Every structure is written in structure tokens, then in C-alpha cells.
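These notes open a run of structures that come right after.
Each of the two complexes below includes chain A, the first together with chain B, the second together with chain C.
Now for the complex of A and B:
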């Protein structure tokens, strides 16, 4: 399944300073659908370059990271259980505190 | 010449401060003057005056109480059909608390002062520093060293002398937050640290004030309106604070001056919209600004969370508990933008003070100075005769470092001691451990360039 992954608010530094990634992700063995939870594991194992603790905590993203699916808060799309579809855009934004 | 212009600016600021005192003494005397009392100065209405009784030269069509002066001053806003006298009058009666007079607070205050908001509260404990000026455009060279609230108030009053300004030259704390915030109609979060952001949000929930929140770092900006029309609060979005290592500071990561300028200008816009009821406030949405690609996206956010500790159905934060709540413990970070404290990792036998290292240089002792800051930081200012290899590249540069430390003497090849320096003395310690695993005699220069400036060379342009 073709997905666009985007990282912002400094998270891109964990991904070689690249903000936008076109990826091809398949559901893991025995699954028909790709959930956000499975995508997080895929990103950690295939895309993340450094400091996994700055991206994930337990099975989810670390506190302070907002996840968007097609520009909507993942809270509105089932969070970790949300099912992704071909050509979805998943965005990870670290909240900023500077001023 | 420079001295003269600085002196001139100081006099102007002093003049603005005196004007402010005068306006405070004559409060209520300026804003709501009887239109007939000042309408003799040749306003547009005068031409038709002869057809009417002499004492009535113009009337306020919609029963507003804007003076002739205010009408002329704000005419370009009054001409907006969606804005008009009604919205302008709401602004004149409104009060806004701006927490932080820095990169975000500067445009917020400038635009709100100019727009005709009645009262501005300015809160900031800091003084103006030289490295603020590239983005904190409300302050100027002549006022470096002055309290930011004083500098910001003077600039606002220079723009608009009818403004009332309240200065709070201290930080927002759990103990004072509700008392300060309850005096205002709306609050602007223009702060620079995560602990203050949770505190402001919670206090706005308890005091029932809408919150216009902005943030900027590097080339990125974010904007959200919280606690407005059933929308979420900061805690609904971020119930658990991020770890301190995930919170970058402008002082470390840098920020392009115009980025907080853009976000702060958006904040001023949202304040004006909420105060006047004009337009659609930016609630339940977040604006994400990427300066590098000049891309602005708005994303849809969740609504208020019934489980939220602050604004949920059974809140733990209330008028009684908030003043006692320890926001620094909750977020593991201070209620200010201070750098995280340096941790001592390596032993004393693997450390040297900055003064000690200065003696090594002065005695011309053979050694290698390894600067492990990032390349762009090294490019700003460095010590002569140093080798720059960023901390993250140490493993792959192992052979190069070992070779650089080697000297050939009559007794054969030996390794020189390696002194390691960084910005504040944290990475350099981790580097010492790594270099020792390469078999090198590595020593940490305690406290890095921050200490070097304090203890050895105040002229080194620490940044």
C-alpha cells in the first residue's frame, strides 16, 4: 500500500532531516489491514535513523507528538486501531514550545 | 552619532512612559469623550453643520461612543463591512493578557496596540538581550538591559497613547496565575517553555478565558485557539507532557526571526476575531507553518475530551488545586526557558576546568583539541587549532581522530592527550567516554564554551 509519511516540528531530524517520505507498506503476515499501530512499528524498523525513544513510547508515539491522518487528528480516526488505506497521508508533528 | 540616536531613542521612550503616566492619571478622560466636545477641529461632518442646530455637528449613526479622533484613527477598519464601529467598540472595551514579550509577543502586542484594544497586560520576567533583537521586534538596541515589559509598554504607548498597559515583570506561576488572568477577557500564550504552557492552559480553563496559543522554533510554527466554544484545551491534546529531551529551545536549536513574527501575527488576528465576534475563530484546529516550503496547513483537532484532567467532566484542576499544582514537577522542566542543568558523567580524573585548559594552551603542551559541536556551530566561532568532529559522527570518524592524536617521536608513535569541548559540557563528556573506548586519553573541558566565556575569555562570542 502506497503511503505518504510526513514529519515536522523537529521530528524530521530522526529521519535524516527528510520531511516527506513516499513508502510502500504491506500489512504484516496474517493481517489483511494495516493499522496505525502496525505502521508505527514499520516506521521504527525501516525508516527511523536514530533515537527511537524520541519517536515512540511503548506501542504509541511519545508524548508531545500529534498524529494526523489526511490532515485530521488521529483521535478522530481510531488512534492506534485506525485502519489505513492506499494513498493515505500520515503526518507526525512534534509540538513546539518556543517563542 | 550612534550615541546621539541612542540618546534620542531613550528620550522618546521616557516621553512615552511619561505620557502613559499622564493617561493613567486621566483614565476614562480620553476614550469616551463626548463627540461634540472635540468635533470643532474640522472633521468631515463639519461641512453639513450649518444645516443643523449649532451644538450638534455630527452624530454616531449606530449609537456608538467612538470619538472623532478614534473614528479617524481606525477608519480603515471601520470601513470593513464585516467589522465596523460595533467591532471597534468591542476592541476598545477589551483587555488582553499577553504572556511573554518575546518573539511571539512582539507582533501580538504591536498589532493589538495599533488595532485599538483598550487594555494590554504584558507579562515577562526577563530583560532585553542583544540576541533577542533579531526576532523580538518590539524592543530596540537602546533598551538592551531594560525589562522587557517596560520596553514593550513604551513601544505600545508610542504607537497608541490611548492604550492602557499593565506591566507584570514576573513569571506566571501557579500561585499568581488565576489572580492575574481573571482580570482579562482573553489570554495569549506567547511563552517559551512547556511548563508555562500547561499552566496557562489550566488557568484559562479555571478562569474560563479563551486562549490563543502560538509556538515557534527553527523554521516551524504552530497556532491553536484553546478553550473556546466547546473546543479542546492544551491538555486534551497533550495529556502527558513530553520528556525534557524532546523539548528543544530557541537558545539551542535556533529560530529564524520572522517565523515567530508570522505566528504572533496570526495570534493577534485570532484575538481580534474572538474579541469582536467577527469571523470564525481557529478552535479545534491547528495551523502548522513550515517556513522552508512556505507551506501552511490547517489540521482538524479532536474536540474537548470528557476525561481531560483540566476541562473534563470531573476535572482535577480547579480554583483550589491549581495554585498548589507543581507544574515544574509535572513537566520535569522549569517555568522558564533555562537550559537543562549540566549532568556530571565523567570522573574528575577525566576532566579539566576551562582555566586548567587555558594553562595547557599557554604552556604549549602538545595535545589535540576536539570540538564536538555541530559543523554550523563550529563555523560561528571556535578556538584556534581545534579539530571539529560532531558528536554524532565520532564512531565513523574513529580512525581520523586516532590519527590526529598521534605524533611520531624518537621513541616511536604515541598518542597525545585529547581535550574535548562542546557548547555547555554535556556532549563533550559522552564524547570522552567514547574516545576512551578508542584507547585515547581523553579529557572533558568542564562546562564547555559557556564556562570558557565565564572563566577565561569574556570576548569569545558565545551564542
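Now for the complex of A and C:
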């Protein structure tokens, strides 16, 4: 499925300083749906250029990284269990950089 | 994905959950709620008086950009009658400050308030790039932080400000509480949670976002599409504060109240009557507020100019054995301590 991924607040530095990425991601083998948890793994393995520990911690994003799905807090969408749909936009913003 | 409606307007879909009360709000109601909270903070704490000339400390980062946006908006909406302007410091960090200053220059136009810029080079004779060449990357943030604090005050005085507003938020203050505990800095610990500081001095400072959650500021800036700068300072990966920030974010992810509770702890500290507190005086060299003979900026600057840049960043050991065993003086090297007059006195009635 087609997704738009956005990185901000300094996180874009881990992705070749590119803020917006159009990607095509399929659910992994044996799954019908693509969850946010699976998307994070896909991003780490396919998109991330450096320092994975700045992006992820255990199975989730590192504390201090905000996640929005179609401009809504991912807490409203089930966090890691949230299911993504075609043409969704997922935004990651780091709050750990200075203000 | 089926989503809840906004709890306030019940008309639009909720876009976020507010960390402080788990309220689910749409973007529009979040803007109103956030701005009303800042307005309430300003009114309840009497942060400003009509006619005051207020410097907004502007780095081009998210906090100060949101502050400039919200203060100009509230000033207009509630007729505060404030003369607002942006005050920026150019530390002279290539690839960081030169870019963020461009952001501040755009903010000047976007918010229609004037901008004043002062450089370290002009104020101290040294840019941060030059200082890093001398000192390396271990203690450079000490220089930058000490110089910036004075630079803002000097800059604000130069352009005749009555008061300064900074974008410090709850996360910043919680970090500062922890750092002051770690450093044993009793004097700063006792005042770092205050919403207004320096009222006795020439230029009071206030923090209208003191209870504002960092995530809310980010979400606000993102939804409002505010123009801010977010690249990490080129020199900061070694900064001590970064560890504290990560630590409190880890705590918050387990217990969302942790940050406000750290601030509450900071506010509630009471120090033993026998604790020695540094006396507030003025620097003999530059006249800036200082608890020592020379203020820290002058000590650091003296070291730089004499080719001994590490002079001001050592740690005092074994001095000032107060009854609590906590050192209140960590701002001078042994050398400096031995030549200055010990001005600290016992203030038995101090109770913060």
C-alpha cells in the first residue's frame, strides 16, 4: 500500500535529511493488515540511514518521538496495534532536540 | 479507523489526547484550550503589566516560535497592551545559528514585531566556533549557556526592555530540577521552578509555558504549521542535559505525571536552616548579578583571553563543608576559589 511518511523535529537527519517519503509497504508474510508496529520495523530496515537507537526503543518509537496518523495522535488509533490503510500519512516528530 | 469525537465541540473528530487530563480534542478546540491555559497562567501569576516592553527570547526553535505566536495573539485578543519584540543571540555556530537566525528573521515578518540580534563576538569578543577551537567539545556548552544567559540580559537592557519572556516548558524545568540536584546546586534548585525570576534585579524573566507539556508545544507548532528550526546544535551531542531529557522522557512514557511531579518536588524542597546559601552580589568586573567576586562569564572570559580556557570550568573540591555536606559552589576552579573573598554568609532564616 502507498503511504506518506514524514519526519520532523530533527528526525529527518536519520533519513538522509529528507522530510517526506512516499513509500510502498506490504504487510509481512502471513498478515493481511499492516500495523504501526510492522511499519516501524519496515522503516528501520528499509529507510533508516543511521543511528536506529535514535528512532526506536524495543518494539516502539523512542520516548520523546511523537507519532501522528493522518494528523491525529496515534494514541487515538491504537498506537502499535493501529492498522494502516492505503494513502495514510504517518508523521514522526522528535521532541528530544533543543527548543 | 473509527475515532472518537472531540469532547468539547462534539462536532469534529478528536485529533489528540491531552496528556494532562486524557481529554480527546479536535485541532480547533485544542488551540483554544492551549491558548486559554497560557492566558490563565499570565493572568493568575500577573506576569505582565500594561505598557511593559517585553523581550521574547527567540532562538528560532519550536518553543520560542510558539511563544512569539501565542504572545502576539493573546496580546491582541486580550488587550494586554504590551510592546513585544523578538530578542535573538547569535552565538556564532556555523550551520546551526546562522540557519536558525533566518527563521527568526521570518518570524519578525510573520508576527509583525521587531527583532534585535546580538552576537557573542560583539559582546565577548569570541564566537562559539572560536571557543570550541580553544576548548574542544567537552565543556563548550558551559561557555555557551553562561554567555547566553548574560547576552539575553545585556541585549534586553540595551534595547530597554522591562521584562523578558522565555519559552521554557515543563520538560525543561523538570530537567533543570534534576540537573541542580545532580550538581548539588542548592541556590538554583530553590529558584528554578519559579515562574518569575530576577524580580529584584533590573530585568525580571518569566516563563509563560511553565506548566505546558513539551508534546503539546510540538503538536501546537505542527498543527499551526509554524515556521521553526529543529536541527540539533552542532556541538550539543555531548551536552549533559541531553541525558536528563532522555531520562525524564523514559519516566514519562511509564508515568505521564512524572514531569509535573518532578517540578512539584522541586518547588517543595525546604532547606535546612544551616544550609549555606550564596549571597547575591554583583560582579566586580562587569556589574552583572553574581554570588562570587567575578561572575561566571567574566571568569570564563578571563581564562579564554589568557590562553587558559579551562580555568573557569573546574570543580571545587573539599571546600565549604557545610553542615549538609552539600557544596553550593561549583562555579569556580580551585584557583579562582582561593583568590576570591568568601562572601557567603549564614542566613538562618532562609526558607524557600
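The rule we apply is simple: the second predicted complex is superposed on the first by the 95 of 99 C-alpha atoms of A that agree within 3 Å, B and C clash if a C-alpha of one lies under 4 Å from a C-alpha of the other, contacts with A are read in each partner's own complex, and residues count from 1 in each chain.
Operating definition for what follows: a residue touches a chain if its C-beta (ideal position, glycine included) is under 8 Å from a C-beta of that chain, and two chains touch if they have at least 3 such contacts.
What you see is a predicted model, and the numbers here were worked out from it, not measured in a lab.
With the two structures aligned on chain A, chain B clashes with chain C. When the two complexes are overlaid on their common chain A, residue A:73 makes contact with chain B and with chain C alike. Of the two partner chains placed around the shared chain by superposition, neither chain B nor chain C is touched by A:35. Of the two partner chains placed by superposition, only chain C is touched by A:83; chain B is not.
Contact with chain B, but none with chain C, is seen for A:54 once the two complexes are overlaid on the shared chain.
Shared interface residues of chain A (contacting chain B in one complex, chain C in the other): 8-10, 62-64, 66, 68, 71-73, 75-76, 91, 93-99. By the touch rule above, chain C contacts chain A in their complex via residues 1, 3-4, 13-17, 24, 27, 59, 61-64, 167, 169, 171-172, 214-215, 217-219, 222-223, 230-233, 236, 242, 245-246, 249-250, 252-253. Remark: chain B residues 100, 102-105, 189-194, 197, 214-218, 220-222, 237-243, 245-250, 253, 255, 260, 286, 288, 290, 297-302, 337, 392 touch chain A in the complex.
Of all residues in chain A, those touching chain C in their complex are 8-10, 13, 62-64, 66, 68-69, 71-73, 75-78, 82-83, 85, 91, 93-99. Across the complex, chain A meets chain B through its residues 8-10, 19, 50, 54, 62-66, 68, 71-73, 75-76, 91, 93-99.
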